[in-house]
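Just below sit the structures, each encoded as structure tokens.
Consider the two complexes below, in which chain A is the common component and chain B and chain C are the respective partners.
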Partner chain A sequence: MKKVSSGIKTADKVFHVATGIAASSPVLFLLAIAAVVVVQSIPSIRLMGWHFITGIEWNVGNTYGALMHKNGVTAAAGASFGALPFIIGTLASSVIALMIAIPVALFTALILAYRLHGWVQWIVSILVELLAGIPSVVIGLWGMVVLAPFVAHGLGPVLTHVGVLIPYFRGPVGTGMGLLTSGIVLAVMVVPIITATTRDLLQQVPVLYREGGIGLGMTTWEVVRYIAVPYIREGFIGAIALGWGRAMGETMAVLMVSGNAINFLPHNLYSPISSMAAVIASQLDSAMSDGSGMAVHALSELALVLLGLTLLTNLLARLLVSRTHHRRQGVRA
Partner chain B sequence: MRTAHSRWRKWQANVGWGASWLATALVLFGLADLVITIVGRGAVSFRWSMLTHVIQSTPSGLQNAILGTLELVVLATLMAAPLGILGGVYVSEFAPLQVAKTIRFLTEVLSGVPSIVVGYFGYLLMVLAWGWKFSALAGGFALTVIMLPYILRNTEASLQQVPLSLREAAWGLGMTRFQAISRVIWRPAASGMATGVLMAIAIGMGETAPLLYTAGWSSVNPNFQLVHSQVGYLTYVVWTYIEQPYESAHQLAYSAAFLLLLVVLFINVVVRALLTRRSLRG
Partner chain C sequence: MSQPISVHNLKAWYGTQLTLKSVDMELPASQVTAIIGPSGCGKSTFIRCLNRLHETLPGARVEGDVHLGTQDLYKVDPVDVRRMIGMVFQKPNPFPTLSIFDNIALGLRLGGVHNRGQLREAVERSLQMAALWGEVKDRLSEPATSLSGGQQQRLCIARAIAVQPEVLLMDEPASALDPVSTLRVEELVEQLKDTYTIVIVTHNMQQAARVADETAFFLNGEVVEFADTTTIFTNPTDKRTEDYITGRFG
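Coming up: the complex of A and B.
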């Protein structure tokens, strides 16, 4: 009998340790990101306090003038970092995206799961998944050259007629770069995510339940409404939360179609906005030109708020999706 | 018997399914419009000379951006692929149940971190604190953070599909865990792992936000220095050159988007082919 040599045993140990270190790397990255962003935000938190999330003026200050000392930190004279317009911009654009994406994704998932079969289902599924793989700058480019003109000249003027009922729909429509276009572009990016998850969930609805519904004389649509959709409800909400997190964190597509508004709140559906992610990207130059370094810390605090919001939606999503899985194991048909 | 109520129910079903077909058509139309617009305008704008000229020469081209994207993605893959594959092996083969659950969960959370936050983290830590300046290594590292979760999750998922009996047979022959993994278990999972790496490469190629604050921008070819020297990349061209008022700048932006879209779609098709082959076999 051949004995296991000590070399092989050592290799086994080394491999075990190496894989363990590699597996801990995502955890370390996550901790490092949180730690660095929190620590770098502290000067800005001390300077602005709660005004950071209630103020609307974002001003790096006079970077060539005197420095100002306030609350124990140093910033350029006149500096003020109020992120409310960006927080509102992030929330408003992502909520509009969800309002468009939720019905579209659910309906598309229903078709994919229950109406298409065989190779047609395969092809359409792949096409929807391809949409998820398209780089965000490419979607942003499409938003700029196709969608924004369409919103300005086609969709916007039509929607202003709804303004009689809902004031936010009133014009002027403007250039097409704004809240509505950002919302639609984000919807394009979120739909494939929600659709793919929802389709998988719908395919897991036990066929006996659906057949039971048909046997009771339900129409196929009633089976969907009263059996399939309630069955996947929690997982579906989880998929929405996942899409919401993605929409809030999206940078480039929003940056390209939002109109980059600074220092004012959106007053209607078409006004220019900016989101937290887009502002971090577009304020690169001003951050580097600030000699006091406070702009860098302020952007870091913006990143911290964004990180907090997306982590929250992600945790919610994971919780809901995993609860559906647990329940499914409970009620096997 | 046909009552008013049953007619109402039938009508509801028709409206419901009608709306569903409409939604599907809308999604497919959106995708088609996007691809046709970008490919159409890109194909018109693209010149073969763009492959051999840098952006500020005449005729101007994309060579510096293409080489820069390649450098960044290769660097990121060199870091992310070993970490992700080894990490996936650990989660699937070695980790106790609770540890595996935790790592899996935190990996999902990491993939949910907005890419601009990853980029800004790289700026604060590597560009400023570690003094690397805008550089290929900082950009590559930021991309690594983005790509790692996909590789790890795919590796782990495909290893989980390898039947336990294969492991038992390997151990029964007296193999150590390392020998079992390196000689037996990885083989059926190989195409799954390759899928993960390919998808991650496609994602890394299309990213912009993590690179803005880490890689910087350069209008000359990368000099392949790891730190202290900026690199250009394709997505940056799309974003900045479309905003310029010149037709020639727009052509560069469309061509860059066209190249990106072609490469990403190609990788996606290869991935589907791999997946389909695997599902046909298994």
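Coming up: the complex of A and C.
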């Protein structure tokens, strides 16, 4: 056998190292960000303990007065960081967004995948993708100018009638800036994401399986319900989780329509809220003026909680999508 | 009681391409009709027009008429047509997310049968008829995809007959099966033909000769010859039929 020249060996090593660095850079990047957020959060974690996620009062304290020493850390006097309203705001608005977006996206995806053909399908697909590309600040503006008044004067008063059955639907409706409007704005942003993924999944359902149902005398809806949707189930849940992550992390649009609630929990569907992402963006500037630095640490801890939640939903999404993929391959054999 | 199918001036298109060119056929009740012909001649397209499956493909179109008994099939809801005319496909296609039991029970449930005992009975009966019961009776709740290809095909046969259609269309039902399973399917066809009008597409000349009462030879989207099976195989009138069955082309 011919010997491999040392030049080739060196090139090979360089190549290995280079690809290694390239491949691991996303992980390193993620770890670096996580590390910063964790380190920055530590003083706040020590100050607040579990009260950070159970407390309601968010107060930077008297940043010009005396410093307070507690649990080995220093903060402005009277400072208290209870993030529960923001955690609830994030979860509630994103869940409302999903409750609106899931049926809309599934229905749109079904029409795109099975009902429309040729250039009509192409155009509607493009429109859905365009919707995904609208900057969130533009959607936020629409939410403020169009949606909030509509919620305050049209949708809200109608929905309050449901309050007889479900207490959370009871008024007062307020200004229209709040939970429901945030949820709808987020739904608009999440629908294209779920739709596009679901459409791709539905198109991958082999026509042979659908014809099995059609040939048995199933209606279009029955084929969808018993064959197509079960076939893509995990992938669809994955798409939902991706959309959920997106909704929880969305900052600008929510900041614009949430009503910026602070120090209270939402009491009904129309109540003003704040989300974790929106609070970080809107409070960071004033937090910088806290000489003890604690306000910034508290916002970091908020970022840590948000990061944890979005990572969790994303991981879940990947897991479910890849499981569908494996099963589909198994079925083909 | 099963009924005859009469096909008159049937044409089918894929987009602008005319694939079936004016087919006229009388398929007698309670008989097995075999469709033979070279690959691509329109056999599958033809039987997919009988249960109105052809028109579900984007761009596909049908013209002409198909009667089951006195009923004009192109004037009733296609869903009802397909409940009367069951189909077994060229490739096994059990519902991949359902269990063996549910593959058969689903059609019944959608047809309004919900009684647990009745379902069990119907599932067992269909599986018996499809010669699959013995192999699956202890694993009815396992996924259908855990079965072998031949078993899956017999499951599809069971699924089709469970809902008791009047006509059974079989598109090369045995092409994916081993000789033993093939034999079972042929026995099944023999047994079912008292109750069903059966149309079976096959590439296998011996199979047509064994199971069919009548045989139609298709070529380029047309029926070249349609007669009782013995005549087709021993004394065809058309030269092209003779060439095909003696293996000179196709």
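Rule of thumb we're sticking to: the second predicted complex is superposed on the first by the 308 of 333 C-alpha atoms of A that agree within 3 Å, B and C clash if a C-alpha of one lies under 4 Å from a C-alpha of the other, contacts with A are read in each partner's own complex, and residues count from 1 in each chain.
Rule of thumb we're sticking to: a contact is a pair of C-beta atoms (placed from the backbone, for glycine too) under 8 Å apart; a residue touches a chain by one contact, two chains touch by 3 or more.
If you're wondering where the values come from, they're calculated on a predicted model, not measured in any experiment.
After superposition on chain A, the partners chain B and chain C are accommodated together without colliding. Between chain B and chain C, the partner in contact with more residues of chain A is B. Legend: residue contacts after superposition of the two complexes on their common chain; A:G49 is shown touching neither chain B nor chain C.
Contacts of A:P172 after superposition: neither chain B nor chain C is touched. By the touch criterion defined above, A:G118 reaches chain C but does not reach chain B.
Of the two partner chains, chain C is the only one touched by A:Y226; chain B is not. In the superposition on chain A, A:Y209 makes contact with chain C only, not with chain B. Touch criterion not met for A:G65: it reaches neither chain B nor chain C. With both structures placed on the common chain, the touch criterion links A:G291 to neither chain B nor chain C. Judged by the touch definition given at the top, the superposed model places A:F29 against chain B, while chain C stays out of reach. After superposition on chain A, the vertex angle at the CA centre of chain A, spanning the CA centres of chain B and chain C, is 90 degrees to the nearest 10. Least inter-chain distance for chain B and chain C in the combined superposition, rounded to the nearest angstrom, is 7, based on C-alpha atoms. Overlaid on A, the two complexes show chain B and chain C touching the same residues of chain A, namely 219, 222. By the touch criterion stated above, chain A contacts chain B in their complex at residues 4, 8-9, 11-12, 15-16, 18-27, 29-30, 32-33, 36-37, 40, 103-108, 110-112, 115, 124, 126-131, 133-142, 144-146, 188, 191-192, 195, 219-222, 224-225, 242, 245-246, 248-252, 255-256, 277, 280-281, 284, 296, 299-300, 303, 306-307, 310-311, 313-315, 318. Residues 9-10, 12-13, 16-17, 19-24, 26-28, 30-31, 33-34, 37-38, 41, 82-91, 93-95, 102-103, 105-110, 112-118, 120-121, 124-125, 128, 145, 148-149, 152, 174, 176-179, 181-182, 199, 202-203, 205-209, 212-213, 235, 238-239, 242, 253-254, 257, 260-261, 264-265, 268, 272 of chain B touch chain A in their complex. By the touch criterion stated above, chain A contacts chain C in their complex at residues 117-118, 206, 208-209, 211-219, 222, 226-227, 230-231, 233, 330-331. Within the complex formed with chain A, the residues of chain C that make contact are 51, 53, 56, 58-59, 79-83, 86-87, 89, 91, 93-98, 106-107, 110-111, 145, 156, 159-160, 163.
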